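Heads up, the next two complexes both have chain A, just with different partners, chain B and then chain C.
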Partner chain A sequence: MLKIGRRAVRLPRHEYGKDDVIEVKTRIIHPNHNGRHKYEDKGYIAQHFINLIEVYYGDQRIISVDASAGLSQNPYFTFALKVTHSAPLRVVWKDTRGEEYTETVDIRV
Partner chain B sequence: MIWREAITRRGLLGKLTALSTLLIFRRRAQGESEFDITPAPPPVYTLEERLTPILAGRTPKHERVTLTLPPHAEDGGTVPMQLDVESPMTDEDHVQNLYVIADQNPDPLVFSASLHPGGGQLRWKLNIRLADNSRVRAIAEMNDGDLFVQEVEVEVLVGGCG
Partner chain C sequence: MRENISRRDFLRRSKGAVAGVAAAGMLGGSGQISQGAESYHGTPSQDTTYHGTQKGPPLRPAAFVIHKKAELAAPKGPRAVVVGGGWGGLTMAKHLKLQSPEMDVVLVETHSVFISCPISNLWLAGLVDQGFITHSFLDAATNNNYTFFNATVMDADREKRRVYTDKGYIDYDYLVLAPGIDYDYDAIGVHDIDQQQAVMSRYPAAFKPGSEHLTLKAKIDNFEGGLFALTVPSGNYRCLPAPYERACMVASVFKKNKIKGKVLLLDHNPTIKIKREGFEAAFHELYKDYLEYYPSVSIVGVDVEKKTIMGEFDDYTFDDAAIYPRIRGAKLIENLGLVNKYSPQKEAWIDQFHSNVVGDERVYVIGDSRPTGFSKSGSTAQEEAKFVARVIAGRMKGQEVKWETPYTSCFSMVNSDPMEAIYLGFKYLPPQAGITPMAMERVVAFWTHTGAAFAWRDRKMERSEEMGEAMLEWARVHYNEMF
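Moving on to the complex of A and B:
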């Protein structure tokens, strides 16, 4: 198992230009406990999952995903993005314990 | 003395095995995630409770949304999903909200998302959990209030919600 919060945002390796649509892949290591798994006779493993994923392109927030525990462990999220200008692409993950994880990559055209 | 011992194939293999086992277990021990225990699981929601506020009396059309899921999922814990919505994603015409609902999940609403124009084409890939054989719906709400939906049936071999 890897450490919780280890994360990556990947841009395509190939060349891309203005107005091209690229695929951005994001992933974070997180147990995403849904709170419904029994733990021996002691009770249930408490909820602990990523409940918000936000994507900012420059200053504009373009995507905001409010998730339940219905996303898999180590949530993976890939989206298409139309490249309109050079700007940082920032992905923010928040979990039910209030932890916040951020990763930024630069889009250059 | 140890360094005078002849290096044998058997000895070397044994030492390598011991070393790699040690390394693997150390890695495991470090990554062990700590978790809390609670007496009760979180509340269960019905499909109606989740669906009614989204539809708000409207009937979605079966157009523009393409939801791709495997017809048979071996592991309900990780079901790959692809979601496409036909939309130019301009200020005048874009998807404003996006919902994915798995009918049989303890909380059917997998996620609700809000979008802003500027992202371009809408194509998402995510892994979701399915508790049981289930219908999965993707609902897109456009900026003018139109609703579009696609529904897919998935057979799940091993449920992913405990």
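Moving on to the complex of A and C:
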């Protein structure tokens, strides 16, 4: 049901060209337990959250986010990207259990 | 604001009428005037909510005026007009009469038949018949000694203390507004009026009682297979568990009739918003092959022709759907100029401890148009109505009644064979006094997302037949409270 790791990167629905600044939206389904919440009867929910988000445009790493336990459930990030060339845009999420999730979209100009 | 009212006018008017200090606020805020005026009761009505001590929405003349009196017998006592014959209004009319038998109570309602939203999900799955959720306003009025007036309220003049309906005007001593909700299609990216009409009529939310439910029932009965989309909106929407309950009930129909179909439940929220353990268990254990749940889907548009819901990230194509958009306070509240501008859902500007419009102790707003972060539920509306009936009865005698939390008792049916339900009951901490305007959305979120605002809770998340039976009993008791 709540599939951990289901992720999405969305480019604008509209047309864009070289040197345009576009908004990129990213979201991953993740419980992001901060370790400080309790079940009513079963004790604390183990810590399990996204602690690193990286964005690569082609080979270049353009964003690196040190995320913390303060991040919301299903974290959602948007950022502005200046489109300079055609290349894959790759978003990587890593969590405290060492899982790594990757999603790639193609930027074409 | 009316500035052209003389001191003498005011004194004449305030004799046994509106509260002294509060009325001074209404009339332009001269403290001097209020000193000479007779106070109807001691406490000034203040906005204890977001604005410190602001004066409340300004008085304004009605835009819709009809010069004919409504055809009602002359009042035999102080007249209370209750607008809206839903869960809040019906309970209000009955309890006003119980609290103040001398009161002449008129209930004004657009519809001529009552259809209940609570239990409608069970009816969708064939667990109760239509008679169970359908009732007569005439019986309600006859059994509880008030008058039912089948009309639509168009406007009001609070200075004249007069409401205008499509069938004539009615003068009131007390006015209680319980008009429920309206939909906000703009919030899901459907902006054109013709598109809004198309979505509303072809894929009705069925979160307002009436034809929408009949259309949805036919859709479910005639569904031949594929994906049936249901949505959960953002904000403090009407009945937090109902969309999940409905998902269970629709899936149970597919399961029972062996239909090759699935419910596609698209949730704006990051996770099931209420009774999560109970619903999650039902989704996994009962409807694994009949239901798919997608959290964090914020809807940015609907393509009616292509039968597609556009999410911010993904598009979802469906075979049939019931699309529940974001909700807001009923448009009547806005038309009367009573919206609290800091309410993200255009709800009423009221004193949250007594439910009167700020600055006007003759007009009250209850039910789902309130801005307080209570659960927008029928049982809450009933409890609140009983309390506010006491507030009004008290004020008639010059007494002030202390705030009391409503009690929300909330069942959800999750299985239809056998009928099994889960349960959550809670009371609230007092509304937050004096918080800053910007905190409104956060407060609503706080009240509804966390348990922290609840003073007391009772949870039964393991579904059982015992709870299933209790749910039907709950319905009987609550219908009995109104009819």
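By definition in this document, the second predicted complex is superposed on the first by the 105 of 109 C-alpha atoms of A that agree within 3 Å, B and C clash if a C-alpha of one lies under 4 Å from a C-alpha of the other, contacts with A are read in each partner's own complex, and residues count from 1 in each chain.
Methods note: a residue touches a chain if its C-beta (ideal position, glycine included) is under 8 Å from a C-beta of that chain, and two chains touch if they have at least 3 such contacts.
What you are looking at is a predicted structure, and each value in this text was computed from that prediction instead of being measured.
Colleague: Put the two structures on top of each other at chain A: do chain B and chain C fit, or clash?
Modeller: Here the two partners, once superposed via chain A, clash with each other.
Colleague: Once the structures are superposed on A, label A:8 by its partner contacts, choosing first (chain B), second (chain C), both or neither.
Modeller: A:8 contacts chain C only, not chain B.
Colleague: Counting only touches as set out at the top, which of chain B and chain C does A:68 meet: first, second, both, neither?
Modeller: Only chain B; A:68 stays clear of chain C.
Colleague: Of the partners chain B and chain C, which touch A:102 in the superposed model: first, second, both, neither?
Modeller: Once the two structures are laid over each other on A, A:102 reaches no partner at all.
Colleague: By residue count, is chain A touched more by chain B or by chain C?
Modeller: B
Colleague: Per the contact definition in the header, classify A:76: touching chain B only (first), chain C only (second), both, or neither.
Modeller: It touches chain B and chain C both.
Colleague: Using the touch definition from the top, say if A:86 reaches chain B (first), chain C (second), both or neither.
Modeller: neither
Colleague: If the two structures are placed on top of each other, which part of chain C overlaps chain B: 276-284, 294-302, 402-410 or 456-464?
Modeller: The segment of chain C occupying space taken by chain B is 276-284.
Colleague: Shared contact residues on chain A for chain B and chain C?
Modeller: 1-2, 31, 72-73, 76
Colleague: Enumerate the contact residues on chain A facing chain C in the complex.
Modeller: Residue positions touching the partner: 1-2, 8, 10, 25, 27, 29, 31, 40, 72-74, 76.
Colleague: Which part of chain C faces chain A closely enough to touch in the complex?
Modeller: Spelled out, the residues of chain C in touch with chain A are 270-271, 280, 283-284, 292-293, 295-296, 312-314, 459.
Colleague: Okay, in this complex, where on chain A does chain B touch?
Modeller: 1-4, 21, 23, 31, 33-39, 42-48, 55, 57, 60-73, 75-84
Colleague: For the complex, give me every residue of chain B touching chain A.
Modeller: Listed in rising order, the residues of chain B that touch chain A are 28, 30-33, 35-42, 77-79, 89, 100, 102, 105-107, 109-116, 118-129, 160-162.
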